[in-house]
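Here is the structure we will look at.
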Amino acid sequence: KKVVTLGEIMMRLSTPDYKRFVQTESFDVNYGGGEANVAAAICNYGLQSSFISKLPDNALGQAAINQLRRYGVDTQHVARGGKRLGLYFLEPGVSMRASQVIYDRADASITEVELSDFDFDKIFDGADWFHTSGITPALSDKAAALTLAALKAAKAKGLTTSLDLNYRKKLWTAEKARETLTQLCQYVDVCLGPDATLGFHPEDTDVDLSNLKQDDYKIVFKQLADKYGFKYIASTLRGSQSASDNSISAMIFDGTEIHHTKQYNVRIVDRVGAGDSFASGLIYGLVAGLNAAQAAEFGIAASALKHTIPGDMNHATVAEIETLIGGDGSGKIQR
Amino acid sequence: KKVVTLGEIMMRLSTPDYKRFVQTESFDVNYGGGEANVAAAICNYGLQSSFISKLPDNALGQAAINQLRRYGVDTQHVARGGKRLGLYFLEPGVSMRASQVIYDRADASITEVELSDFDFDKIFDGADWFHTSGITPALSDKAAALTLAALKAAKAKGLTTSLDLNYRKKLWTAEKARETLTQLCQYVDVCLGPDATLGFHPEDTDVDLSNLKQDDYKIVFKQLADKYGFKYIASTLRGSQSASDNSISAMIFDGTEIHHTKQYNVRIVDRVGAGDSFASGLIYGLVAGLNAAQAAEFGIAASALKHTIPGDMNHATVAEIETLIGGDGSGKIQR
Amino acid sequence: KKVVTLGEIMMRLSTPDYKRFVQTESFDVNYGGGEANVAAAICNYGLQSSFISKLPDNALGQAAINQLRRYGVDTQHVARGGKRLGLYFLEPGVSMRASQVIYDRADASITEVELSDFDFDKIFDGADWFHTSGITPALSDKAAALTLAALKAAKAKGLTTSLDLNYRKKLWTAEKARETLTQLCQYVDVCLGPDATLGFHPEDTDVDLSNLKQDDYKIVFKQLADKYGFKYIASTLRGSQSASDNSISAMIFDGTEIHHTKQYNVRIVDRVGAGDSFASGLIYGLVAGLNAAQAAEFGIAASALKHTIPGDMNHATVAEIETLIGGDGSGKIQR
Amino acid sequence: KKVVTLGEIMMRLSTPDYKRFVQTESFDVNYGGGEANVAAAICNYGLQSSFISKLPDNALGQAAINQLRRYGVDTQHVARGGKRLGLYFLEPGVSMRASQVIYDRADASITEVELSDFDFDKIFDGADWFHTSGITPALSDKAAALTLAALKAAKAKGLTTSLDLNYRKKLWTAEKARETLTQLCQYVDVCLGPDATLGFHPEDTDVDLSNLKQDDYKIVFKQLADKYGFKYIASTLRGSQSASDNSISAMIFDGTEIHHTKQYNVRIVDRVGAGDSFASGLIYGLVAGLNAAQAAEFGIAASALKHTIPGDMNHATVAEIETLIGGDGSGKIQR
Amino acid sequence: KKVVTLGEIMMRLSTPDYKRFVQTESFDVNYGGGEANVAAAICNYGLQSSFISKLPDNALGQAAINQLRRYGVDTQHVARGGKRLGLYFLEPGVSMRASQVIYDRADASITEVELSDFDFDKIFDGADWFHTSGITPALSDKAAALTLAALKAAKAKGLTTSLDLNYRKKLWTAEKARETLTQLCQYVDVCLGPDATLGFHPEDTDVDLSNLKQDDYKIVFKQLADKYGFKYIASTLRGSQSASDNSISAMIFDGTEIHHTKQYNVRIVDRVGAGDSFASGLIYGLVAGLNAAQAAEFGIAASALKHTIPGDMNHATVAEIETLIGGDGSGKIQR
Amino acid sequence: KKVVTLGEIMMRLSTPDYKRFVQTESFDVNYGGGEANVAAAICNYGLQSSFISKLPDNALGQAAINQLRRYGVDTQHVARGGKRLGLYFLEPGVSMRASQVIYDRADASITEVELSDFDFDKIFDGADWFHTSGITPALSDKAAALTLAALKAAKAKGLTTSLDLNYRKKLWTAEKARETLTQLCQYVDVCLGPDATLGFHPEDTDVDLSNLKQDDYKIVFKQLADKYGFKYIASTLRGSQSASDNSISAMIFDGTEIHHTKQYNVRIVDRVGAGDSFASGLIYGLVAGLNAAQAAEFGIAASALKHTIPGDMNHATVAEIETLIGGDGSGKIQR
C-alpha cells in the first residue's frame, strides 16, 4: 500500500534546554512540515510513501531530502531548484510559557513550483492515497495550482484523497482561503479539521456557531459532507492546561454518526507535528482496513505518543500504538 | 525612565541535565545576582537601567559585564579592580531532591569597594529609582558603607528607593544584620520581604509571631511602615510541593491595606532569580504608573514566567506578562 | 563495616534529551549493574565495599573499574580477562512512552568466570555482609557456580547474606531459575523481591495467588522464611502512572510481621537502579544497626531520591535521605 | 573617540566539529557582518562605537542586537522593522576541504531601509570616524541610497570615512557595482581592498593588470588615490596553503609609498571576519594616532589572532596584539 | 547505473574531543563498514546502489538501515534477524597517539546469514557492478559461503565484480584466509589491496618480497592478474607522519602497466573509511567511463577529502573531488 | 611499589572549542594539580600511589577526591575541612594565541592545613618514594611547614624524595622562595627543574648565567648536587613554535654526566600537566629499576603523549609509551 503526500518541508531550528531565542548559542536542527511528517509516519507504520515538493539545489535542500530518506520516504519525485529552503525557528515552551514559532518561509522553492516539475501519472502509479493540507495552497498561487492539479490527478487515478485544512491566517486572508479551499474540497474524500473557511451555513440549521454544543457537530459535519462529498470528517480536540500538559482526543464523522476517541493526558516533550500524527495514524488505519472509529483511535494514540518524541516526525511503532490503545499507558520499562 | 541598582554579580556554575556535583563533567555558565537581575529585567521591559558594582580587572570580570550589556544594562559605572569574581555553584534539584547552592564569594572585588570608586552625583543623574538588597551590606563593612552612602545619595537626588531584605544567615549574624538594616531602612521607600531583622515589636500588638494569621500581616506591615516610613511593603509567598512544582503569589501593603495577587502553579525550569523577578516587575509597574495592586500582579506574573527560563535573569516580555495577567497561562503555541 | 557484592557491571549507552534509538547521534555513557550499584551506594553512605566480577582486559573494562573506583568501591578483586564487556542500550521513556532497554550482554567476561579467579578467604576477610542477585546465576553455568560458591564461603566466614531475586525471563527459563535459586536461597539471610521461582506452595494455605490480598503477603513470606531460613524478606511496590511519574513504597517481613513504609510520589529523571537503591539502603540500615522497619524506610527514601539522579548509581547522601524520611520532600533550595 | 559603522548583521549558523551540512544535527549560532564586526572590535580596543542597521522587530532581531551590546556596541540607533533577519550558513573547512557558505539574506530588513529611519545629525554627533563596506550598497537600491547619504553626512560633519570594497559578484553585476562604488568613493578617505570596480585605467600607465608586479601596486594606488582623493589605500594579502593553514600580510599606501607588514602563518580555527579584523585594527590604529605603517601592522596582527577565535568577531585584546607585533607568537601559557 | 555491495554494517561508538576511552562520558554514534561505506559514496556520486547484509530486528538494526537510507542506499534487500548488531569502539588519535579500535562484532547477525535470506536474481537485476571485501568472508563460514554465492551470481548475471582484500589477522588465520580468498578471486574482476594471502610465487620471478622495489610491483601484479584473471589491481599507499598528518597516493595496474596517482598530504579529521573512499571512487570512475588512471585519480582525491569528514562515510561531492583533481586544494572559502 | 605525593588539587574550568573566556557559555570540568597528576600517572603505570592534601568538606571537595579515586589514587589520607576548593580557569590557546590561566586558589583548604591533620608514620608505611613540588610550600606558611615535615618524615622512613621546583612568582617573592626551598632541598634526592631560587654561585665557576652554554649545565648541576646532596637533577626543555606546536626533550644529571633524551615534536591537544608527566614518568622509571637515562626517556615520551590527552592527568599506558620510545610515533590505527 502506498501513500503520496504533497507539501513543504522546512528546516526547523529549535533552542535546546528551554532556552529563549535571545539566550541560545545553538539550534537543534530538524526538518519537517505537515505532509512530510505524514509521509514519514506512513513508512514508520510499514507502508510505502512518496513525498512531492520542490527544494533548492544546494546542501540544505539535500539535507531535507536525506531526513525524509532516513525514515523511508521515497524522494525521487522531489523537484530541485528555486531560491531557498523554508525555515522556521522554534522556542519550545514549558509550564505557562508558550512555545514561540517564527516562520521564515517566504520565497521558499515550493512557492515557485511549476506543474511541469511533476509527472502525476508516474507519481500516482500504484498509489492508494493522496494527502495534502490547506497550508500548501496558501504558500503561493503556483503552489495552489499544483495542489488542485494533484488532487484532480489523484481522483482521476482512483486514489482516496485527504486534506488537513490547517487555516493559517498569516499566510492568506480568510476570503482567499475560502475561495481556494472550497474548490479543492470538491476532490477530497477525507477532510481533517474543518473550519469556517469551508462555508458552513448556520442559517439552514439550529446551530449557533458562537455557542457550539456537542450535538451541533453532527449537523455541521453532515452539511459539509453533503456539500463536498466527504466520506469522513475528522477533528482533534485539545485541552491546553499549560505548555507542558495537554489533553487530546478526536472525533470522526462517517456520514452517519460521530465517534469519539479516548482522551489522553500527555506530558509534552515536543508538541510540533502532533496534528500530523493524528492524520497519518488515521490514514494508516483506513488504508489498513480499520473502520472509522478504530482508525481515529489509532490516530489519536499515535498523536499522544508523538508528544513524547523530539522533532516533527513520529517514530512510535505500530506495536507501541496498539499497546497504548489497549490501555497500557503506564510507561513501564520494556526490557 | 531609569533605574539604578547596586550589588554583586557572580559567575554561576550549574550542572547540566540534573547531574549532581559529583557527577558533572561540565558546568553551564551564567552570571547573576539580585540587583544585577533586577537591572537586566528593567531593560527587558523597555526602561533604562544602570548597575553599580566592583569587578576584577580580568576576563572573568569582563564576561560578567558583557552579560549585563547583552541584556541592555548600562555598565559604565562599574568599578574595576580587587581580587576576584564571586562565584556560586548550583546543582538544580528536581522532584523531592532540593537544589544545592555552594557560594564561593568571599573576597570578591565588591567586598573591597571604596566610596571613591563611584560618583553618585553622576550615577543618579536622570534616574528615577534606586534599588539594592540586604545581601550587599552583608558582604563586608565596605560594602555596607557603600550601600548606606548610595541610599543617602539617592534620596538626596529625589529618587524612589527600594530594598529587598533577603537575610542570609551564612553572611552575617542576625544582630549585625538588624543593626545595619535598621539604619539603611531609614532611606528606603519600598521594602520587599520584611523579616525579623527589621525589629517588629509584637509586644505592642495582638500578633503572635509563632502563629501568624492572615490579618496579622497588616498589623506587622503597618508598624514597620510607620517605623521606617515605607511607602510600600511587598512580599512573595511560596508553596513548595517539590523542587519541580511550586505555587507562588504575593501581597503588597500600601499603607492602608494589603492586596493579594493571583496564585500561580509553576513547573520549574530554573527557580533562581524568581524573587528578583518579582522585585523588578514591581518596580517596573510602579515606575510605569500602575497602582500598588497592579504592580504586584505584574511582579508575580513576571516571577511565574521566570521559573520557566534558564539562568538568573528574566527574559519574559511585557506582552507575555500581560497575557498571563489577563488569564491565559495555557501555553498554546504562538505562531 | 564492609559489604562485598558479586555481579556483572555493564556499559550503559543511553540516548540524550528523550531521543529515540532511531534518532540519536550520541549516547551518554554510564556503567552499572545491580550489585555494582549496591556497592557504590554503600560507599556513598560511608561504609566500605568491595565488588567482585570479571571484566575484559581492555580500556572498556578499565573504564568500568574506574567508575566503581570513582565512587569509592574497592576493585582490587575484580578478575580481568574474557571476551567482552556486557552492554545495554537505554532509551529513557517519558509520559506514556515506556523506557526501552536492549541488552547486549551475551558472552560478557563474567559468563566465563572460574572459581580460581577469586580467593574468597581473602575477599571476605573483615567483611560483614555479602550481597548478590538472581541475575548473576542466570548469566551462565559458570556464573551460577560462582554465585553458589560465594554464598557458601560468605556463610562459612560468618557474613550476613542477601539476594535480590530479580527474575529475568529472557536470561533463563522459570524451571532453571527455580532449580538454581532454591539451592542458592539455602545460604541467604535477607531475601529481596521474592517471586514465583522460590516455589511458594499455595495449596498449604488460604492464599489465592491470582488474587493476592494484603494479609496474604504475610502467609507467603512466612512460608518462604520457614522454607529457606530467611531472617528478612523485603519487597518494593511500584505504581506506574506513566514513565514520568511513579509512586513507590516497600514492605519488610521480620519473621513475625510485615512493616510498610511511607509511599513516595516521584517525578522521574532516571528510573534505572531504583530497586538497587532500595537494596543498598536496606543493607546500609541493617548494617548500621537500624531495625527492619527503619532500614526499609531508609531504603525506600534512598530509592525515591535515586529517581532524580541520572545514571544507575545513587549519589544521595545519608543526610539527604534522613531529611526525606523526616518528612521534608519540599525540595527547597539548600544554600 | 568614537567610530560609527553601517551595514548588515546576519545570524550565522555553522556546523560543529567539522561536520558537513548533510550531517549536522545542530548549528552553532553567531551574529556577524563586516561593519558589525568592525564596531565590536573597536569597542574591544577601548574606543566607542555605534552600529547603524535595520533589524526585524522580533526575538531574532533582538538577539542580533544583544550580541552587539554584549561586546559593547551602542545599538540605540538601529532601526527595527522589515521582513526578516538575514542569515548565512557556514560549513567550516579543514585541510583541502574548503569552507562552504550559503547566504540566505534576500529581503533582509536592511534591504528595505529608509533614510527617514535615521537621524545622521544625532548619530554622528561626537563621532570621529565612519566606516562601511561595498557589500551594504549591493544589498538593495535603498541600502545603496542610505550608504551614500551616510557617507555624505559623515563628511559634512567632519568625520574620517573608510570603505572596505568587498565586491561580491552574487549580489550585483560588476557594472552596477562600478557605477555605485565610484560615486560612493568620492566621500571616502580610507579605501580598503581596492579592485577592478573602481575603474583603474591601465592605458595611462605601464601596468599590465594580467601580470601585476610588486612596483605596479604603487602606480595603481597612486592613480586611484588621485582619482578619488583617498588618503590611504590598504589591502591584505592571503596565501592559502589549505583551509587549515594560511599566511597573511598587508600593505598600505599613504599617498607616497607602500608599506608592507610582517607576514603571519596562521593555523585556522575560524577564518570568517579576518578581513574585518584588519579593517578595525587599521581604523583603531589611525584613530589612536599611529602612522599608516604602524596602523597596518596593528591591523594585520589583529587579523592573525582573529583566525584563532571562533565566531565572526575579534576578541583579541590590545595587549595581546601588541605582544604579537613585538614578535612573540610563541603561544606560551600566560599564568 | 547501479552498484550492489555486500558486507557488515556496524555501529561505531567514538569518543568526542580527543578523549580517551577511560575519560569519555559520551560516544558519538555513526554506522559504517567497508561495503556499506562504498554503497553510500556511490549514491553520493549520483549513481544507484543497493546494500546486502543481515541486521537484527530491533531499533539498533533499524538505525543502521536508516543511516544507509539517509545517504540514498537501497536497503530493501537487507535481511532482518539474528542476535545482535556488530559494534566497534573508536578512540581517535592525534599527533603521536594512535587511534584505537576495539571491535565487538562477534555473533553479529551477518555471521548467521543464510543463502535463503537473499534472492540474487532479483538483487542483481539491472545492476552493473558488485563489490565486497575480504572482511565479509572472514566473519563466519556462513558469511563466506554467502560471499562466494554472491560473486558467482554476479558473474553469472554479467556484472563486473570487485573485492577489497583487507586481510584482518584477528578475524581468521592466514591459512584460512588464503584458502577462502583464492577461491573467491576466481570470480573477481577488480582486486584492491592485494597481499600475501593471494599466494604470489616469488620463486618464479626476480622479486625479493622482503625488499620490494618500484618495478617489482608490476611483476607481482602481472602474476596475480594472470592467475586470477583480474582486469585491474589497485592499491593505496599511505605514509603516516603522525595520527594527524598522513600522505596518500595510489597505483593501478591495468594488465600492462602501473599508473601512479598524485600524492596528497592530508590533515586528518577522521581517517576511518579512507580506503573505502578510494574503492568507491575507483568504482565510480570505472562505471562512469573513466580509464584506469583517471579512475584511480578520482578515487585517491575522494579518499583525501574523506580524511576531512567525520564518520565512516564520504560526503564529498563529485564537483569537489574534480576541483581537487584539477589542482585546487587551497581550501578557499566557497561563497 | 608505592609513591606518596603531597600538594594541592584544584578544580579546572576550561573553555570548550577554543572559545575565549568572554565567549563561553560552559566550562569543561577537570581536577588537577602537579602532585595529584603525578599520583594519578603512577597508578596508571601499575604502581600504587597515595595523595596527601586538604579539601573542603563539601561536594566539590568530594568531586576532586572522586577524580583521584577514578584513576586509582588512594585518597584515604586526604584531610577534609577549610574554606574552599582552589580553582583555576583555563582558556586553551591555539596557533599564535597563548593559553590563558586565571588562578583562583587563595584561601584554599590546603593553605590552612595543620600538621595534626596527618599521621606520616602511617602514610609512609610501605611507601618507596615521596614527591612534592615548590608550589606547595608557596601556598601558605602552614603549607610550607607541612612540606618540610613531610620531607623530613619521608627521609626518616627511608623513602626516596623528589621535588619539582616550579617557581611561581605570583605566589611568593624570589627571596622567600629561596629561603624556603633551600631548606627543603636538604631532604630531597631528586630535583626537577632547578632554577635561580636554589642559589647557584656562578662566581665559583666559569659559567655566565646570562649566556648559558651546553657544557655549563653540567657545572651548575654539579654544584647544586654537591650543595644539596641531590642524586639526580632533571629538567625538561621546551621549544614553543606556537600554542599548537611545541618540541620537547629532557636532560638528567646523574652526579657524573648529563644524558639528553630524544626530542619530540608534538601537536597540542592539552598542554597542562606535561611537566608533571615528565616527573611521574621519571619517578616510575627509577622506581621500576631503569637507569637515569632510560627513566628520563620514559618521562619525556610520557610527557609527549600527555600533550595529546585532554585534562591535567596522563592516561597513556606503559605499552604506548614504550612503543613511542621504540621509535613508532606514526600514529597508525591500532585495531
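Note that the chains take the letters A, B, C, D, E and F in the order they are written out, and that residue 1 is the start of every chain.
Throughout what follows, contacts are C-beta pairs under 8 Å (C-beta built on N, C-alpha and C of every residue); 3 or more make two chains touch, one makes a residue touch a chain.
These numbers come from a predicted model, not from an experiment.
Contact with chain A and chain F alike is made by B, C, D, E.
Common neighbours of chain A and chain C (chains touching each): B, E.
Summarising the inter-chain layout, the chain whose CA centre lies farthest from the centre of chain B is E.
Here chain D and chain F face each other with different sets of residues for the most part; under half of the interface numbers are shared between them. Overlaying chain E onto chain F using CA atoms gives a rotation of 120 degrees, to the nearest 5. When chain centres are set by their Cα atoms, the one at the greatest distance from chain C is D. Spacing of chain A relative to chain B, judged by their CA centroids, is 46 angstrom. We define each chain's centre as the mean of its Cα atoms; on that basis chain B and chain E are separated by 63 Å.
Shared interface positions of chain F, defined as residues touching 2 or more other chains, are 16, 20, 22, 25, 66, 71, 100. All chain pairs that touch, listed by label, are A-B, A-C, A-D, A-E, B-C, B-D, B-F, C-E, C-F, D-E, D-F, E-F. Residues of chain B touching chain F in their complex: 13, 16, 20-22, 24-29, 58-60, 62-63, 66, 83-84, 87, 89, 91, 100, 102, 104, 106-107. Interface residues of chain C facing chain B in the complex, by the touch rule stated above, are 16, 71, 264, 266-269, 304-305, 307-311, 315-316, 320, 324, 329-335. Residue ranges of chain E in contact with chain A, taken from their complex: 66-67, 69-72. On the chain D side of its complex with chain E, the touching residues are 17-20, 22-23, 93-101, 103, 168, 170, 240-244, 271-272.
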